[in-house]
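Got some structures for you, see below.
The two complexes that follow have chain A in common; it is paired with chain B in the first and with chain C in the second.
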Partner chain A sequence: MMDHLTSLENRSIFIIREAYFKFKNIALLWSIGKDSTTLLWLCKKAFFGTVPFPVIHIDTGYKFPEIYKFRDEYARKWGLDLIVASNLEKIGQGAGPEKSAKFECCNLLKTAPLKEIIAARGIDSLLVGIRRDEHGIRAKERYFSPRDDTFRWNYRDQPAELWDQYKSMEEENHFRIHPLLHMTEKDIWAYIQREDIPVCELYFSRSGKRYRSIGCAPCCGPEDSQASSVGEIIEELEGSRTSERAGRSQDKEDVYTMQKLRALGYM
Partner chain B sequence: MKKKCLVAGLDGVPYTLLKKYIEKGILPNLASILNNGFALSQMDASLPDVSSTSWASFITGANPGEHGIYGFMDLKPGSYQIYFPDYSSIKAPALWEILGKTGDDKKSSLSQAYNGKLHKPRRSVVLNVPQTNPAVPMNGVLAAGFVALDLKKAVYPDSAFQYLSSMEYSIDVDSDLAKDQKEIFLKELLGSFDKRKRAFRHFFQNEDWDLFIAAITETDRLHHFFYDAALDESHPFHEIFVDFYRDLDRFLGELYKAFLEKAGKDGLFMAISDHGFTKIKSEVYVNAFLQKEGFLRLRREGRFFERIDEGTRAFALDPCRIHINMEGKFPKGSVAAAKRDSVMEEITGALFALRDESGQKVMSSVFRGDEIYNGGEKDRGPDLLFLPNDGFDLKGILKEEKIFGKRHFTGMHTRHDAHCVLPDSVPLNGKKPRIEDMAKVILDYFVSA
Partner chain C sequence: MDTLNIAIVGHVDHGKSTLIGRLLLDTGSLPESLREEMSGSGKESDLAFITDHLEEERRKRITIDTSQVFFQGEKRKFVIIDTPGHKEFLKNTITGCCQADAAILMIDAAEGVRGQTRRHANILSLMGLKHIVVAINKMDLVDWAEGAFQELASQAERLFEVFGMGPPSHILPISAQSGENITRTSSKMSWHKGPSLLAALEGLELTTPEEKELRFPVQGVFEKDGEKIIMGRIESGRLCQGKQLMVLPARKTFTPEKIFRHGEKERENYFAGECVGFHSTGAPEIRRGDVLVEEEMASLASSLRATLFWFGERPWQEGEKFLFRCATQEVGGRIAEAMKKIDPGAEKTVTKPSEAYKITHGDFAEARIELDRQAAVDLFAHIPEMGRFVLESGGLPLAGGIVTGIS
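Coming up: the complex of A and B.
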């Protein structure tokens, strides 16, 4: 019988090849995080060492320095056709998480440049490294997921997932393809370990803390951890019950809980 | 017909009140259910009788020594720092995890007893059960109850969140209103109950389920602030209180009828509460008493239990979980292992001697943690647990300096007066049922042919 990781890998590679065959103008969205780096690795494997389509990095200007270093090093080593998309104008005007709400900031610095690059390059499909276990909202995601002009995902009206039978493509802006959908956080780390995939150093413990998910520096917090190697991260995840994105707003929740308990005479 | 079980969870509804209201003709639907093959029994809540512990005991069929929930608030191991346990703190699998074949990294004596006996995975809808936040993926639908801040995190899957947010469902009413805006509080309470009923109906009809657990919290909230109105006909809020129960009874009748249509006579219908309620005579601030008797020393600085100073021998967490300040267990532990029993005896003697100004004894019984708790979480539990006589609401807060007091709360929890409504066919063998026994009743139902 095929081992678990190989069967996961096979499913992902099948989807990547299928997508490359179906769409004229495909690209990969690379956040430099562990998931999209794993996806990039799988694309390399799917096409025998060379990624045959562009790799897009949305640069908000607020990423950790370690992320830029990693991006530039591996874009060169792996011979990637790297497109850095960025809302230079807005960053120049001082847009950022200090100035506006998080949602607005993401919209301005992530969604807007992505829309521009999709239009400019005529991109019809994007390979994205999301996983179903990441967040409640991902539970309904499909491997092939249509987005409209406003990038909205209408989960109530998704086409049936039959490999060859998409509904009319005319109303869609682009398709998102999720070859890692069936993998969990633990699967990803186990696969990284097996394949010896390089990942950004922020994931490993420094002075008792490490990042479990990485993105823009102002919106990410490290967690207490002693895990300084992939093996130790896997071990740590096995004992962990918190979600990947948990712990960020714990203080706020505690204050709220305290208020609720006090209102009922506890505390 | 496919096997189906429905549990109506009536938070804080006492057995004795149901009895009295049935006699007065206030609850005709419940009375008719009881005339059709069901029995209403008095039930013991968990120890302690707080909602988080009692509901955790119901959903896991385990005692706190095994599931790990001793209250809404607890101390981080080896420290005086407080934290608020949530669903991830529950160490035993819930009914829907055992039946749904999910949560397989969790085990309990109950889940192991049914290992191999439950064949096909069953789907559950679990609505508003306290202590189930944040929602984790499970086989079915779950909308967590108290305490949850963010509806999105409280609900699984996302389609259920979309529905609940579209109908402006609220997890809990704002109980702060009850302090000085009683009419507004009651209006909101009724509004929140209406939304709750709509949500229950929606999932009842539109989801495919084998187990349906629907918990109603509004009863507990009403009781905390208006329990003095329950039986006092001259109370300005008596009519409102009784009307609420009439409405609750109509809803129970509706649920039962809908359940009969869906599940037939072979379905398992039951109602339970997580604790009872009684009127408050006085609140009792146990830590103030421990301070006065020289067991507890507090500094002015620090947050909550981090105020504990050198020389402290014991302290109380809500409602009266006494922890002995043991050497090696707590940072400022001062009691050596050999002295533990004598300190426990000393505290028991002192607390049993405590009387209010009318001379009434405050405490009714005491349990040793190592006698009532068993399982992997036993060591985190209290050394002693006291239960009061009805009317004395024990509090583990630190900021009160006097021992007795009264605030705007008029109702308090009781352990001995929870209720359960079960089919006559479920044998109780002459024993008073306990809330942690109910999970077994449900699992047995799904096992038997």
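Coming up: the complex of A and C.
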């Protein structure tokens, strides 16, 4: 019988290939975090060593320097067709997490530039590395999740998904494709270990602290940890009871912030 | 350590989401943030809050969409799939059930078997789920009485008999709200000699299905460095290096040069569930939707008998065209004849013959399907992966079906 990680990997590769062959203009959303980096790795495996579509990084201007460094290094090493999208106008006007509610900031600096690049490039499907165990709202997602022109996620009426038959393109603006939905945080780390996937250094302990979830510097807090290798992170997670996104401030503003953000087109 | 994907199904308010909350709480798997969130909203005892995460779900105290949570037992890992009990959210229930290896059917001890209990049991049976644990919940409402439990247990057994299902793996008395007989046996029900729910789930034995004939539906053809690579996932059987294959429906034969996976050493055999590729050198023209097999099979068909379950919100319109989707095949087709309609939620499930053509949301039907061209299909009982399909219209799946006969 197939081992757990291999079975998860095959399921993800199948979904990535379904999306590639069902849509005309696919792209991958790379936050440079461990999940979307794993997704990128799976795409490379699915297409025999290449990523045959653009990789988009939404740059809020507030990311950690380590994130930019990692992005540029691996975009070059892996020969990626990297597109950096950002809301320069709003960043120029001083939009940021200190100026407004997290909800508004995420919307302005992440969702808005995403909308722009999707329209500009005519993207009809976007691979996104979200997982069910990250958040109760993401646990409700489909593998192929349709979005209309306003980017609205119609969570009240999602299409049925059965036996690997996903909704076909009709009137939608684009589809979000979620090939990692079935993987947990522990699965991701175990897979990173098995495949020896490079990840951003922020995940590893420095002076007794490490980031468990990374994004914009002002809105991510590190947690106490001595784990300085993938093996040690896996060991640490075995005993952990805190949630992965405990350090993410947009989750804390309001119980339903994630739902509201996602309904408007957030990842 | 293996992983069991288990769906929780049953009638509205029979305690599905509450049971999930209880399992997480009593196995120490509840993340701190959720615990805080629950106490923040003054809902310490509202166990359903864990999977009912949408604002609308919490406000109305119902489950709208399916959700999944993960936890680890002593012997295996669990993926728990919550599903809605309301009939109006049936497509979400089906979406959840499709991802399960096993299921817990919840029955409220005070209410007994109800409409959605029957419908869900029937769906599980149709999908071929072998391991079903019946949990008689809210035993506190019947004073933890053995007599009441026995009466409900025989109701459940009859239900399984009527639908032609094998007997349930276990029938267990529980209380999800107060945690009786969930992670350990209950002193309130010392008459119960069977296992606790968790012990029953840990003990379910998943059997590896017997190896069947090769079915390799092509996902697509990918061009790399000027060379074409045929890609797909083996749905059943094994793909061996150097063996001759036949492309269906064209019935042309060829031998793939080299079968491989990226970043791995080549192997002699590749098995069901593996995503592989091979170069198309020497192959006839191959497209997405073709199915590769080892020898010509009798099951290339354009007419088939099926049991359908209709989850589309609108009823079937006689004569309408569908897209028949089976593995990566997409073929136009229609329901040519409706032989029988079954309303699995009703006490008397088989309706009058005159009703057969009125297939609507929540119904099952036995029907004959005509396809515009031949497709490679198998009997669901033989190779489930190639014997199940979806009928799509306007981009939306409206019905699922399993193949019961090929002509």
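For this structure, a couple of remarks:
Everything below uses one rule, namely that the second predicted complex is superposed on the first by the 236 of 267 C-alpha atoms of A that agree within 3 Å, B and C clash if a C-alpha of one lies under 4 Å from a C-alpha of the other, contacts with A are read in each partner's own complex, and residues count from 1 in each chain.
Just so it is clear, contacts are C-beta pairs under 8 Å (C-beta built on N, C-alpha and C of every residue); 3 or more make two chains touch, one makes a residue touch a chain.
From a predicted model like this one, the values you see are computed outputs, not experimental measurements.
Judged by the touch definition given at the top, the superposed model places A:256 against both chain B and chain C.
In the superposition on chain A, contact of A:121 is made with neither chain B nor chain C. Of the two partner chains placed by the overlay, only chain B lies in contact with A:266; chain C stays clear of it.
Residue contacts after overlaying the shared chain place A:147 against neither chain B nor chain C.
Looking at the superposition, the partner that touches the larger set of chain A residues, chain B or chain C, turns out to be C.
In the superposed model, A:4 makes contact with chain C only, not with chain B.
Residues 133, 136-137, 139-140, 155, 241-243, 256, 259 of chain A lie at the contact with chain B in one complex and at the contact with chain C in the other. Residues 1-2, 4, 7, 10, 13-14, 17-18, 20-21, 44-50, 52, 132-133, 135-137, 139-140, 142, 155-156, 158-165, 167-171, 182, 184, 241-243, 245-246, 251, 255-256, 259 of chain A are the ones that touch chain C when the two sit in their complex. Considering their complex, residues 1-3, 28, 30-34, 37, 40-41, 50-51, 53-56, 64-70, 77, 79, 91-92, 94-95, 98-99, 208, 219-220, 222, 224, 229, 231, 233, 261-263, 271, 273-275, 277, 288, 311, 323, 325, 327, 385, 388-390, 392, 394-397, 400 of chain C touch chain A. Within the complex formed with chain B, the residues of chain A that make contact are 133, 136-137, 139-140, 155, 241-243, 252-254, 256-261, 263-267.
The residues of chain B lying in touch with chain A in their complex are 50, 72-73, 83-84, 88, 134-135, 137, 146-147, 149-150, 152-153, 155-159, 161, 172, 174-176, 178-179, 221, 224, 283, 304, 318, 393, 395, 397, 407, 409.
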